[in-house]
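Both complexes shown next keep subunit A, but they swap its partner, so subunit B is in the first and subunit C is in the second.
Let's turn to the complex of A and B:
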């Protein structure tokens, strides 16, 4: 029988699952599986995640969520084998670093092209200007509309604390103490390996259902596993230079290139493409 | 920059078609309207209407009806 650690989480759970699958010390002892909490459909509980899938689950790593227990989480609890250990952890999000995450009607029509909204860029989407003039206009508009970022940080921190209250592995203090000196986020919802690694190690430390000696070895192996890993970097939304300045991000590089699937763009190149909703798969 | 129609703004922030948002929409009956999008929506209201919401308003305004009440309270509804 293969014992399973089941991860119930948003896409950050996939990172944890992959970490688990590739640490040598757990390879012949524990299988890691992930149920994407943001995508699961009710019928999946009878098909993909039925009794055969759940039978060998000995540990659940459950990402916490504010609000009442929804039908999917209830379905999960109903199907867990008796005695299954549950270790809860908070999600990591960072709207404060992308303060114009908001209204862009184009996303509803074409959700996959640029899924991380910028409402100020959307406002400029009908402008017919050259690159420099359009970029200057975006910088002017965003500078005039830049909110109080410390307040935005406080709003995010309140959300982190709300989910931390239900979690064994908490994130609020750690993110607040780390984000200025270490890049933790590629987008407001996607994390770097510098964020997923410590979370993975904390979960291993907290989980009694994994042999302590193996867990200790796996924790030691994690840094090597992730040394060259960038985390969820298939879409990296550039940081606005004024955001970096006002938040005091010491790791910020104004000339940095940001991966966008098969491309690497500067902040300016990304913003111009976003404003124009430019295709990038041609 | 003129403030957009509220239902259009909510749909655009949630990333769903405008037809999915009505006067009866709230966090419990609207696709994608979760706690993360609630913060996005509140900060988008601040940016679009040039107002600053209190923490209590940000938590309470979890339906179209309640958002309209909050905006009226700021004189922009």
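Let's turn to the complex of A and C:
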């Protein structure tokens, strides 16, 4: 019988699921499945996630969420087989690294083109300037409006600690101790393999429902599996150079190329395209 | 959206706000009974709608929503009840927008609340609705399949590369609204894909770019038969390159691993590496041995390239789009091939440039403009993330100007150098897509 590890989480759960599916020691008889907590619809509980889907679930890796239990989480609990082990983990977010994420009315009309808003770039969307002048204006505007990033970090840390309170695998101290020396985020909600790997290993460590010897092998294999992997990099929002400087990001490369669907752009190229809401290729 | 506006001190509307506002850093509260705003317009004759992203100040059970009436002059453009964050939209009267640089909107909001009356706040301002952003949207017919049925049809038929060409060409602004460009996969039978296109797609095609040497012959025959007699058909091929990967060979380990690696864990075999699979040793030693064998068995690379060039010329002879000479001259400074059978952006661009020189397209768009648009949409485009690493000696032999000592290659979700790749290949190591 194939036993199932079910992951209930936002898109970070998909990373954990794929790590599980491709780690050799677990490939034979442990199946990893993911329910996207941010997209699940009520009818999905009857159609996609009915008794057949839930039958072989022996472990639930559940991403914690601040606030009361919502209808989807309640539906999940109702359907878990008796005796199912639950290991809870925190989500990873980093709003503080993209301090201008806020408001851009274009997203309401065209939600998928550039879904990570930059309110300063939106302010410049009515300008009709050449590349250099427009970029200079963006840099000037953002430099003058740069908020207190340490305060933003504390706000994020408070959020991490709130979800950590409910979690077996916690992230607050680890992120605070790591983000300056290792790139953990591609966007405020998408993580690199340097973030998903440690989370995956900790979950394996905590899970009693997976044979200890095999879990140990899988933990040992994870680093090799992910050593060249970029994580959730299909949309990478570039880091503002001033943010990198003020936060002391040692890994920051001002000439770095950032993947955006089928393209790779510098910070400047991305910002200009964002301001102009330019189309791109997948 | 034609224009995006942000309220607040940081925004681009501060100078457009009249009376009745309390402007904060990243938003503005409409205060009291009435506010005015002079919304910038592009001074043309198009028709527009404007959208405001707002939220209302509420006091549960007493004031559950804020009323909002949007007026232009005496005309009421919209009435709303605003509670949580929402977007409200009004159509702007063309009589008041045609040729104008702005339109004055009056916002009536009669339900002001003072936060000090019901919150633990010293704020005595009569607040109503918080305005975050605004957008000016031009009214134009949506490009739905229904509205596009009247457009002339262009067909691009072939494998995944043809699909990439379809996406590239469809993104060119000069062709938008002029053609409906449709991709047809030539691997299944034509009727198997019929449900993916309106019934008269093929019979109304004005041009068809047909990829040679891929797919089912019966499908391409059926496709050609279904096209109207005056449809301009141009055949193009996707050339291959083997000289950059001189050790290609079939590896018996390369089998389908269901749900994991399809067609195989490493789809391009390396005959030097597959001879070393039994060598259990550290990375440095193994790589040294690999390189030793590689240097010993390195074939005549110029002869391999000559065969490739000959094949390109043969392909040219069968196609309307000629590539061989351009490929030869660009091979060292650009990167037309990502793997033996996988074209890179440079090759796709070459193809698109030549295919766009099609009579039906020349009739509606300037070729020079299309080339500029092609440069723009393909800026930073990396194409399929399946790049087969090139042996450093091969790169050195061909003096590839784009190649670097620390060159890394995209492989699905990974980036690796030649050494890492070949060591993983020898050991048939698992990797994650």
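Note that the second predicted complex is superposed on the first by the 281 of 282 C-alpha atoms of A that agree within 3 Å, B and C clash if a C-alpha of one lies under 4 Å from a C-alpha of the other, contacts with A are read in each partner's own complex, and residues count from 1 in each chain.
Quick note on the criterion: a contact is a pair of C-beta atoms (placed from the backbone, for glycine too) under 8 Å apart; a residue touches a chain by one contact, two chains touch by 3 or more.
In this text the structure is predicted, and so the values were computed from the model without any measurement.
Partners subunit B and subunit C clash in the overlay (superposition on subunit A). By the touch criterion stated above, A:279 is placed in contact with subunit C alone, subunit B being left untouched. When both complexes are overlaid on chain A, the residue A:123 reaches subunit B and subunit C alike. Judged by the touch definition given at the top, the superposed model places A:159 against subunit B, while subunit C stays out of reach.
Among subunit B and subunit C, the chain that touches a larger number of residues in subunit A is C.
Contact with both subunit B and subunit C is seen for A:102 once the two complexes are overlaid on the shared chain. In the superposition on chain A, A:225 contacts subunit C only, with no contact to subunit B.
By the document's definition of touching, both partners, subunit B and subunit C, reach A:145. By the touch criterion defined above, A:233 lies against subunit C but remains apart from subunit B after alignment on the C-alpha atoms of chain A.
In the superposed model, A:182 lies in contact with neither subunit B nor subunit C.
Once chain A of one complex is fitted onto chain A of the other, the partner contacts of A:93 are limited to subunit B, with no touch recorded for subunit C. Touched by subunit B in one complex and by subunit C in the other are residues 102-105, 108-109, 119, 122-123, 145 of subunit A. Taken together, the subunit A residues at the contact with subunit C in this complex read 18-19, 21-24, 27, 102-106, 108-110, 119-120, 122-126, 141, 145, 221, 224-226, 228-231, 233, 257, 259-260, 262-265, 269, 277-282. Contact residues of subunit B toward subunit A in the complex are 1, 4, 8-9, 11-13, 15-18, 35-36, 39-41, 43-44, 46-48, 55, 58.
Note for the complex: subunit A touches subunit B at residues 65-67, 93, 95, 99-105, 107-109, 111, 115, 117, 119, 122-123, 145, 147, 152, 155-156, 158-159, 162, 188-189. If you check the complex, the residues on subunit C that touch subunit A are 1, 3-6, 10-12, 26-27, 40, 51, 53, 87, 132-135, 137, 167-168, 171, 259-260, 376-383, 411, 413-416, 420, 429-433.
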